[in-house]
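A, B and C are the chain letters, set down in written order, and residue numbers restart from 1 in every chain.
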């Protein structure tokens, strides 16, 4: 399958510190790809560049054949590139259902005026959003907490809400930033199942994680260290690579 | 438009600029110590000027003593407000907006209070050196204005030394940057916050007594002073006193010169527009350091 | 808190009681001008006007997280547009209203686009600066506004030949308008843009990732707020028939903000409660003279400290607790 995402020679520095040095890798459509590396390797920076929160100093991001390096975050979202955050960014004062309805924003069109007047079109849209949200609740096992405020849920469920919210918008590429941080082992297993289910539906997944258990769902792993990809391949191969061992154990 | 007129305006602008810088400094003091943007800073100036006026005219105190008391009154008010109003707000976990609304409310309460007790009339205080002026290239600058500039400069230097060189100053900064860390090293964090407001209030009160002989004091002056001081403070990155001076001078001079070309009624429009432009274009100050949130 | 969600639940559980209560309120509203004195009716007219303008501030605060002190400017634009168009140009009242809304919208876009990039206290202070600028311009541009002398002789609104020139008659116009606007707002909150707005308040980065263009949405909401202020201002001009610059200063802006904070920015009923408060209390306090301004500011302070969610929030919490108590028994 052709590459859905191509990261080409991305470089980025902060105040004189070179954080990324010509990073290149690609993510095949329909794959699950993992990105691992020791702390300070530049994973968050790379992620922010791919998702549009930071511009690169140099290099390109090619997504579905088009150069999106300068496109805004909402633009990338409409193209199907969605990300989650290291700390779960649920909408705290909205219920779980409302969170998921917000996830349908891209698929709806009505303008502010129509919304104000409560036109039939606007109402129908709201009903559709509600149905999609309820279906996603079912799928992710959130029906029991559907009407609770997202901010009141424990971290594991907030993660699921965030994931469900991203999924309900029918993304093509889902970028997950440390999705298992703050989760216990049972919740990590739940997360892995959910991700594999989404992947089976055709969603490509790019995963940044410290968690070696979580990362087993990714057939391909890239290792980022000091701003460079130092190894790529299946997890086993990468774990036995001498450079990777040195990087993790420290030189 | 003669050169003398321009010079006269520039001198007035420089004088005003130092006042704005002082207010901005007070804002910076409070921000450094508590991370709160104090919308009532200008009211400290109002109270300082009013207290000095009352002490001078109703109690016959000598000028310098009245001035000193005015400044201290600002400090006392600041300390009192922190104790009775800011602390309960903190305890209930207020957001950034909450503190802003609180200080705005207090600003309006003080302004309305002054209106109630003193009416709408403007008051004026005698300056240091009386009505005397010095002549500079045919332009006149009041002796008091020169004193204002000197005193302001001295206060700024003193504050800089205070924050970098004294234990209390360093403790105050530590308490705001990292509360828990500061507490474990034995710093009394609540007291540091009270001291911050005391210091900020005093600087505000001082600004008030210094400015009151030059412009009149009346119940409405607080808010505009606060906003103009804020403009000065932002240019200093909210923490650098020298930046606040440059910011204040810029605002003061542009304001005064602009009044030469347009009607004086637009003075505040120009000042407020400058403030907005500064916030948008130079939110980190002229030195470009990211030391504040919000913007 | 998702008051909408909770109201839906309450609806489901106690439909009869809720309808009876609503009918009672409407009935009371309808007969009030006949029973109450002229001054009380006048106060309630102002409550409606302030509800409209206050809604603009309230939803920006509660649903978008924006503290706006600029509403007095748009209120003034609406009032002066109506005054100028009807008195100086002799245009019909609808024209004045639309001109006011048009100018307010343009101004909101022009100033909103640059300043809404700011957030937190920078934004709040920028709106305060705008309020001051607006007030000074209203004063200086006396060829347009009449300056301190103001503009008088604004004709009352009339339908066919029926003139709305008394509090009682105006009451029956302004409250349905206010109710309609509140209903529109409720529609908005339930819709995609309303959700986007609330999402933007809670987690802007996550909202952006869902496709929401934060900057454009903020500007749109600011324009909406301005339109509400302008509409209220135009109605105000027709009601009082004389406008002067004193009504459009910073204390007016503070009043609107107080309404939002005190009433509870996150609920719709809170806006009306806040409006009631700022019309009734100054009246009640006016017997104490000028000190009422101090007491008023004291209320803002107390509201910020003790009632961060305002009356509306406190009521919502109370009803939630009552229903929780119900379900347990």
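We adopt the following convention: contacts are C-beta pairs under 8 Å (C-beta built on N, C-alpha and C of every residue); 3 or more make two chains touch, one makes a residue touch a chain.
This is a predicted model, so every value here is computed, not measured.
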Pairwise touch network: line, ring, star, complete, or other: line
Per-chain CA centroid nearest to the all-protein CA mean: C
Chain A and chain B: spacing of chain centres that average the CA atoms, whole Å: 47
Gap in Å, rounded to a whole number, between the CA centres of chain C and chain A: 40
Chain B and chain C, separation of their C-alpha mean positions in angstrom: 33
Multi-partner residues of chain A (each touching 2 or more other chains): none
Multi-chain contact sites of chain C, meaning residues that touch two or more partners: none
Chain C residues touching chain A - in the complex, by the definition given at the top: 1-2, 5, 9, 183-185, 187-188, 190-196, 198-199, 201-203, 205-214, 220, 224, 266
Residue ranges of chain C touching chain B (in the complex, touch as defined): 61, 65, 67, 114-115, 117-126, 128-130, 132-133, 136-137, 139-140, 250-251, 254, 257, 261, 289-291, 293-294, 296-298, 300-301, 304-306, 308
Residues of chain B that touch chain C when the two form their complex: 37, 39, 85, 88-89, 92, 94, 96-98, 100-102, 104-106, 108-109, 112-113, 115-116, 223-224, 227, 230, 263, 265-266, 268-269, 272-273, 275-276, 279-280, 283, 293-295
Contact set on chain A toward chain C in their complex: 51, 53, 72-74, 77-78, 82-85, 89-95, 97-99, 101-106, 108, 110-112, 114-118, 122, 125-126, 129, 147, 149, 162, 165-166, 169
